[in-house]
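Quick notes on the structure that follows.
As written, the chains take the letters A, B, C and D, and residue 1 is the first residue of each chain.
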Amino acid sequence: MARKITFRQAIHEALVQEMTRDPTVIVMGEDNAGGMGAPGEQDAWGGVLGVTKGLYHQFPGRVLDTPISEAAFIGAAIGAAACGLRPVAELMFIDFMGVCLDQILNQAAKFKYMFGGKAKTPVVIRTMIGAGLRAAAQHSQCLYSLFTHVPGLKVVIPSTPYDAKGLLIESIRDNDPVIFCEHKLLYGLEGDVPEESYIVPFGEASVVREGDDVTVVALARMVHFAQQAADALQRKGIHCEVIDPRTTSPLDEDTILESVEKTGRLVVVDESNPRCSMASDIAGLVAQRAFKALKAPIEQVTAPHTPAPFSDVLEDLYVPSPAKIEAAVTRVREYR
Amino acid sequence: MARKITFRQAIHEALVQEMTRDPTVIVMGEDNAGGMGAPGEQDAWGGVLGVTKGLYHQFPGRVLDTPISEAAFIGAAIGAAACGLRPVAELMFIDFMGVCLDQILNQAAKFKYMFGGKAKTPVVIRTMIGAGLRAAAQHSQCLYSLFTHVPGLKVVIPSTPYDAKGLLIESIRDNDPVIFCEHKLLYGLEGDVPEESYIVPFGEASVVREGDDVTVVALARMVHFAQQAADALQRKGIHCEVIDPRTTSPLDEDTILESVEKTGRLVVVDESNPRCSMASDIAGLVAQRAFKALKAPIEQVTAPHTPAPFSDVLEDLYVPSPAKIEAAVTRVREYR
Amino acid sequence: MLTKPQLLQAYTTMRTIREFEERLHTEFASGDIPGFVHLYAGEEAAATGVCMHLGDHDCIASTHRGHGHCIAKGMDVHAMMAEIWGKRTGVCHGKGGSMHVADLSIGMMGANGIVGGGGPLICGAALAAKRKGNKGVGVCFFGDGASNQGAIFEAMNLASVWQLPAIFVAENNGYAEATSSTWSVAGGSIADRASGCGMPGVQVDGFDFFAVYEAAGTAIRRAREGGGPSLIEVKFMRFFGHFEGDQQTYRAPGEVQKLRETSDCLRQFAARVTKSGEITWAELEQRDREARALIDEAVRRAKADPKPAAADLLTDVYVSY
Amino acid sequence: MLTKPQLLQAYTTMRTIREFEERLHTEFASGDIPGFVHLYAGEEAAATGVCMHLGDHDCIASTHRGHGHCIAKGMDVHAMMAEIWGKRTGVCHGKGGSMHVADLSIGMMGANGIVGGGGPLICGAALAAKRKGNKGVGVCFFGDGASNQGAIFEAMNLASVWQLPAIFVAENNGYAEATSSTWSVAGGSIADRASGCGMPGVQVDGFDFFAVYEAAGTAIRRAREGGGPSLIEVKFMRFFGHFEGDQQTYRAPGEVQKLRETSDCLRQFAARVTKSGEITWAELEQRDREARALIDEAVRRAKADPKPAAADLLTDVYVSY
């Protein structure tokens, strides 16, 4: 386990290993190779952030660039999945879901049910989430709460290179449509990642830190902020249990509920906007199913109910910070 | 107040009165008149359910039929709003949001913020929600939770003819983008509606029934089911306070919180699928802000995490029923 | 060039569709059928003329007006009827209904409640066929109204860019709900949109089975041989309203009656094959009777079939969860 | 037919855009500018040739590559520069940035982070102008990549069906990110897609200001007179990468250098107007100096300007809530 690679490399490696293992796995997206029809290098880009760079030559015919036609190519990935392939399609930013949502919401998510069980749609939609790159309102959203609302979809949100690789392999092998969310500020994160292929199962939260005082559930980049907050709190004698659900659909309810049974206090940290979000979803779950154990109000630490601002000073305020998490934990801890 | 008209007529009347009052109000949608280019009657349809029937002749040039191009015409309504008109655009079924979401999510909702406050987008998107018509998975969704998640949008969900008229008039006069959700099984509902023009303000819940034992928050058709459940419970000596938020964004948090302060018990009824829904949103709100008052777990009564089934027997099970609400209220009431 | 068995097959398919739809029209009026039902009567030559060229490894994506495509692609009529009645024996176990009948095992990717929704999907089917190298094709049926949906345009362009074995069949039946296609399709011709997407486009008379059959044959052969996608615009008119219950006041008085008299694909087909002597009236009438019996039996069984069980509500959402 | 002041105005606009973009290129490299920046250098003739015909009651919808459109439409360059730096003095108070510069008061409906997003919006602007009867038009700029988005196709068809005073300007700069438009635009010509939407479509050399100016004039006049929408495909190539930071390995070696030498709208313009004797080199050089000074000053001020205040985070979401 000593090898350290980045989140970006972990995703790349998962793709390589699955494409090697299974010839029905194909990759598609805008400039996933790059340079189609152009005079210079083929495979010039490997996606806007270079995640798929190299696959084009390694797997001839299996990495498809696309016109800027998300409805068509995301739908094509879905149709191909229904016909026996295992496409991994890249929706460059999750913010672009607005131009192709129908294929995901009304086609992929519903085939199996509408068709009386007689369909299988093993498609993975890889997409970039989150704020922090000064990319402004249309390129900084989380939006996974919207997909989590939709029955028939699975939603995967890794926070570490290890989970990114294992969850992506699991996503590709899974037989249902999966929305795989990659936080743009995590690509450079390094971590231990085994070279061999492995899976991280869906619906199993990771308890990234154990503690008896307050349960903190966090997703994606917020897992790291929660850890930072927990470090600071530990120095003050407050012990957080930090849980990363890793998949929001299915959600590992048991791990969350058991933790709250122990701590009696819950803070949910979600970079999303607050309304009808994963933060409220988990709060609602616990208020229903672990009520007896609760000793304090459930705090939700989220972005505000505003679009993402461009200016760095504003964006830094927009994203939940370790300090805000710390304050929320302190509040629920001190609540009587 | 003695005049009774239907929910459908109330919406029609609101449109007539606002179009009469303000020449910048225009109406558009697929077959909102009907018969364009065809040899027979002009204004042949008035929308798929006849809501806009008659407006075409009454307001020449101000009722626009459209090709089946939701992205284009919903976007056109938004663009026209930014340029000084007050369009009321009809998205026939909210399920079709998938083909036009970008214009709502990334354009209408964000203009004002992205442009530093220097925009005003007074567009109303009328749309049909809900199950019950045996219309199956792609024509029976609620989906208002998705819009509620999005900062910059307002979301309006009337449950009575009175509210439908007053809220639609308010929606048209409002200067922000409004998603106006009409439940398909409410169109035929009759109720008292004043002939004169009036508004129902946003962010003011309606307490449709007072009671001290359990707070029941319900939306759209579920308000009526909650009332039925409350009737039955009353006969057993359990007194529900039934609250209809009427708008989910903005949400009248105070009325809900005050009621829970009084009752200590909450059931949220939402026809949506459960995850990241209005049910969880309200549960999360109360678990954070009225925790001290809570005497029992917060119950959410929702559709299951499945698409809407076609067959009548299944659809009737899919939609939350008065019996299920009654059971949930009884559970929280008896909780010790 | 069609053999006698092929001719009889074509006629039988068209007649079966017609009987299916006429019968649904009657049954709907009696209030027995739940939900929305969109009938294909009048348009039989399109589904039949195209699907005659297809096998099980070829896929079609259909529309809200999908019964004809299903029958032409070989779906079991009782399973369809039961589905439309919301019965457990339905091809989708009663969970889909008329707008979602589907059977992937015969390459029928589903009727679709979303106008234009099938365009992207068929690109996927064609892509899968291309990768498998099985010479399969994907056919997307869509309406004149759907031709104005961005998804259809994007799919046509993508099919061309990827050189997919895909055929886009625009069923221009004159109306999208109450809106005339002469109004909604700017430029007037759906076929003319093909060149902007780098593919051939033709227009054919949709009441003429043979015209559709030939145009489809050319396009499908081209696709199988790696020649890429094509567009066929089929022009005709539907015999019923947009959906059952539609008052159709947007149509000219007598429009449908005249259509039924002068522009009926079944009558035209019958006249031609009997005139040429290839088939006798008696042979056709026998097919008529068989079709009627088939539908009678399908309806009888569908009515008697059991509804889904309560537990079915929660199944079939995921393969695993 | 352009007067000398008009010619000088055209040149000044193009030069200002060029200076703006060249300067941003340098400033970005020094790491000072946050976020994504897409430069318009090389394409100045399009924005300028079109917007010269427009007044404040005419609207434009722009793209992620929007600086040129903004300047041509009359936006204050300091307010733009400050916006790109995320300053409170920016035209959007620092909340939008390069991808969302907008000023509705001058009919500039915003750059747009969503490829193709402007098509529907401009239909709305054109519709509003039509209803107000003010002879205003709406112009949608979009790229070759955007031409494959359903929203653009739908918008063109809708503009035609509604006979809107709308002009669609396809800026075919050869690439969408790293993808060649010869690959992504099946059929090869964006202009050819016009007829399928019932409108005229022309192709013009985008390095030639006069060609763009004339084609735009024709289309805009037609629109003002109630003649409906048109499409203009402007062909050229960008001088920088897709965004700042792009290594551009997909381009041919020396491609940009050659472009700058042989296909520069500013050089071509200067050569023509000096050769014809309409304007002297000295007059042009004076404009060059003025443009440089303007940009210098804008950058100097933008750098010194204050950032937004913390409280700004929560404002401007709604008019009322």
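Definition applied: a residue touches a chain if its C-beta (ideal position, glycine included) is under 8 Å from a C-beta of that chain, and two chains touch if they have at least 3 such contacts.
As the structure is a computational prediction, the values presented were derived from the model and not from experiment.
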Under the touch definition above, the chains in contact with both chain A and chain B are C, D
Taking each chain's centre as its mean C-alpha position, how far apart are chain B and chain C in Å?
-> 35
In angstrom, rounded to a whole number, how far apart do the mean CA points of chain C and chain D lie?
-> 45
Please work out the Cα centroid separation of chain B and chain D, and write it as a whole number of Å.
-> 40
Could you say which residues in chain D touch two or more other chains, in rising order?
-> 92, 94-96, 100, 112-114, 148-151, 154, 157-158, 161, 183-185, 317
Pull out every residue in chain B that's touching 2 or more other chains.
-> 67, 69, 71-72, 95-96, 98-99, 102-103, 106, 113-114, 136-138, 151-152, 304-307, 309-310
Graph class of chain-chain contacts, one of line, ring, star, complete, other | complete
Within their complex, chain A touches chain B through residues 71, 95-106, 109-110, 113-114, 136-138, 143, 145-146, 148-152, 248-249, 251, 272-273, 275-281, 283-289, 291-292, 294, 296-300, 304-307, 309-310
Over in the complex, which chain A residues touch chain D? Could you list them?
-> 30-31, 34-41, 44-45, 48, 65, 67-69, 71-72, 95-96, 98-99, 133-139, 304-307, 309-314, 317-318
As the complex stands, chain C meets chain B at residues 34-36, 86-88, 92, 94-97, 99-100, 112-116, 145-146, 148-151, 175-185, 247-253, 255, 307-308, 310, 312-314, 317
Chain D-touching residues of chain B, taken from the complex the two chains share | 24, 26, 61, 64, 66-67, 69, 71-85, 87, 102-103, 106-107, 111-120, 151-152, 154, 174-176, 203, 250
Of all residues in chain D, those that touch chain B in their complex | 59, 61, 90-96, 100, 102-105, 109-110, 112-114, 117, 119-125, 127-129, 131-132, 138, 150-151, 154-155, 157-158, 161-162, 315-321
